[in-house]
Amino acid sequence: MTATLLDIRKLSVDIARGRRALRVVNDVSLTVEPGEAVGLVGESGSGKSMTAFAVMNLFPSPLARVAAGQVVLNGQDLTSLPADALRRVRGAQVGMVFQDPTSYLDPLMPVGRQIAEPLRAHGRTDGIDARVLELLDLMELPQAVAVARKYPHELSGGMRQRILIAAALAMKPALLIADEPTTALDVTVQAGILKLLTKLRRELQLGILLITHDLAVVAETCQRVNVMYAGQIIEADAVGPLFKAPRHPYTQGLLASILSPASRAHSLFSIPGGVPIAGQWPSGCRFHPRCPIARPGVCDVLAPELVARGSGADRCHLGGEAVAADAWRTEARSGTRP
Amino acid sequence: MNVAATVGTPFQRAPFLKLLLRKGSTWAALAFIAALVLAAVLAPWVVAHDPLRGGNDALLAPLAAGHWLGTDDLGRDVWARVVFGARISLTIGIASALFAVVVGVVIGALAGYFGGWIDALLMRVAEFFQTLPRFVVALIVIALFGTSVLKMIVVIAALSWPQLARVVRASVATLAQSQFVDAARVAGMGHAAIIAREILPNAAAPIIVLGSLDIAMAILIEASLSFFGLGDANHVSWGAMLNDAQQYLRSAWWMSVFPGLAIALTVLAFNLLGDALNDALNPRGAAR
Amino acid sequence: MTAFILRRLLHAVPLLLAVVVLNFLLIAFTPGDPITLLVGDFPAPPEYLAQMRREYGLDQPLWVQLLRYLGKVAVGDFGFSFANQQPVAALIFDRLGATLELTLTALLFASVVGIAFGVIAARSASARRHGVADSVIQGASSAGYAVPDFWLGQILILVFAIGLGWLPSQGNAPVRGSAPGWAGWVAHLPYLVLPAFALSLRYLTLITRITRAAMLEVMGADYILAARARGASEWTVLVVHALRNAAAPVLAVIGYNVGFVLAGSALIEAVFAWPGIGRLLFESISKRDYPVMLAILLMVSATVVIANLVTDIVHRMIDPRIERA
């Protein structure tokens, strides 16, 4: 029984807004085992990226900070580490790749040097060039020597993303956090990157936390998945059961809005309403204004807890009930379906 | 400098005054400028002595009887001379900035609106003027052609207009493409009317900001010219006072400190005002 | 790249030409007899005046005069200074070294310190909303920019030379004459401190401002976050990544404002009696020595044009993305 690689416990992230603080990630807990890919799914504004940044305590804005909870990596609580100890963890025990490879690479530095950066930053002095070439090979990039000398703008989008991944894995970290790694890439290139991630996971026993809004990506790459809405996890399960029988109405809605060949003839389905603005969450269950089976007096008053059910867990008052199993059925019927 | 590309002059947007007066330093700058203008206008009533007439009490230290800032080498009251010096500085500063704005706006608008060879030619001319080191040229032109308040205003304005012209040209060129200009043209408005009534009010923001900064620069140039002995001898000037002070540094530090402080504070005030106007008129660029 | 350089050179030539023409026009249209202008207020025999008239071709049409002037400038003949009884070119050449020393020191000091302060201010501003270091540096910059350099020179003299007696206030060498070689050079350094500092201050504040702004824009960039995610040290992030990317606008400001420093040197040399070209200008103005004045104007303008040209080229060289113009 190997120890859990990453254990996020009741994490909360606040963003300072004037005098108040907005809690954009609320009491989130999830785990990643070694060699396992776990997905974190949600629409924009769900707080999924903030959760990812919180692991390394590296936020794009100086206004964001970890307000509560712990991030335990290989038994070590990262939230309690001082700045220089945390710097030694970054890039060495956990690596991160980001959404748009173009803006995440220094335009004035050859990519080989950027891949070597974590090696130098953590005190390694020799064998750097060899390691860089080794990584480029691992990323399936041909002509590694020539590529290492190039500048980011001389490479294609897919190649740049592979460079980012190479840099993230340079020090052989056990965990890779991937924040929307394929969103900015062409569809054809996406598949290549995802296949690469799966190969790396298997060969290197790499644990991956994959953040995305695209359920199809999760289906292809992950073993377990957590669904986030309005800063909270509202459902967690193994991938198979979740896709076969999603329990939370939001998850069901998400799955229903993915077009499958069978539904080509039908009208587009989308969850009515919009994601609530941070700070203006509905009372009680945050999803209740958009939920087809919301029960007045319960769902708009009481905030539901995350309850273990079956192989996973979900956050719904009506979790065990029959109507929850296909919450949108009546909605679908009210549309124009032949 | 961002172009305020939205329709409607920046002043019409409600929070303009609120944004402008956000910082304490802006309040201080405005207050100082108001006080300075008031003192300059009411100069004869604010001071007790004739700034041009010396007496027997030469080189008195500050806080001497009747001369709270002391006297200079010819017995003239320093406070009186500082107050009267404001007249020249403000006059030349504001007049030359105004002049530069007018010339810059006209040339910039023509270049931006008509484009083509007019644009190329005018911008080459602007570039030439901009290359010339402002102070050295002003120095030499005044030295050659003689000095007077008017000449100084003209020379300083002639060296300040290019920067304004370039900015105006950029704004006008962008705005000339927009739809409300097309609408005006279809409605039969002539070129001049379009430029004056439709385009320029929307390009006002950078003009105002640069105008304020130009006032500060003009005051500095005038002080420098006067320091070199090229000021108008009929008027009291801070720069000329510093020229006098040069020989008496060892014996009369107050001859240098007070006029210099006056220049520094005035320039600072106009610079702060320019910055505050920039923040208020371009809220998008003011995040940091 | 060479194509770009050639184009910029081609662009600069008409500018230089225009400067020379402007010079000529100033001579031609100044009130008074041009010859008396060139001779200044000095007594000269009438035969000499007549000879000068012929030599300068004042009986010729204006455009011929212009060509003759261009010819003279091209060979470095800037006329004769009656006040100093020397050819102008030689006079300027004598004083050039002192001015170069002063301006280059000021430029270097302002650049290094300005960039350092700009980086510190940007770091402070991005680490927390209202960093203390940032506010202090910004306030000091605003104040420093408003201070006239010649007044600053006087204040520095009052405080450091007269008040504290630490540093000399006039000239660039001890009056008694300096020892030759190394010792002499070291002995004259204290004379350089105050004037160089006074000259550099306003320029320094400009550089601080642009460095801070450029750094802030760069530090918000994604690749900075990515570098931190790889465990890069703060120094690496600030200097190797951020500063290099922010370098382009900073270098542009440094280069395009060289004229600023040149102009300021005239005032500073007057205050500190520094024996350079600025002081020569000051003297020539009070003595109405027109050939010297005009020659200096020409030289300064030409230097600015060349400095702008060099800055353009360096600017292009720094950013590998804009290789193909």
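Going by the order they are written in, the chains are A, B and C; count residues from 1 in each one.
Quick note on the criterion: a residue touches a chain if its C-beta (ideal position, glycine included) is under 8 Å from a C-beta of that chain, and two chains touch if they have at least 3 such contacts.
Just so you know, these numbers come straight off a predicted model, no measurement behind them.
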item: Chains in simultaneous contact with chain A and chain C; value: none
item: Per Cα centroids, the chain farthest from chain C; value: A
item: Chain centre separation in whole Å, for chain B relative to chain A (CA means); value: 56
item: Gap in Å, rounded to a whole number, between the CA centres of chain C and chain B; value: 23
item: For chain C, residues contacting two or more additional chains; value: none
item: Residue ranges of chain B touching chain C (in the complex, touch as defined); value: 127-128, 131-137, 139-141, 143-146, 216, 220, 223-224, 227-230, 242, 245-246, 249-250, 253, 256-257, 259-260, 263-265, 267-268, 271-272, 275, 288
item: Complex contacts: residues of chain A adjacent to chain C; value: 16, 56, 58, 60, 62-63, 87-92, 95-96, 98, 100, 103-109, 117-118, 121-122, 151, 153, 164, 167-168, 170-171
item: Chain B contact footprint on chain C (complex, rising order); value: 15, 18-19, 22, 26, 30-31, 37, 125, 142-143, 145-148, 150-151, 154-155, 157-158, 162, 169, 216, 259-260, 262-264, 266-267, 270-271, 281-282, 285-286, 288, 290, 293-294, 296-297, 300-301, 304-305, 308
item: Partner chain A, residues of chain C touching it in the complex; value: 126-129, 220-223, 225-233, 236, 240-241, 244-245, 319-321
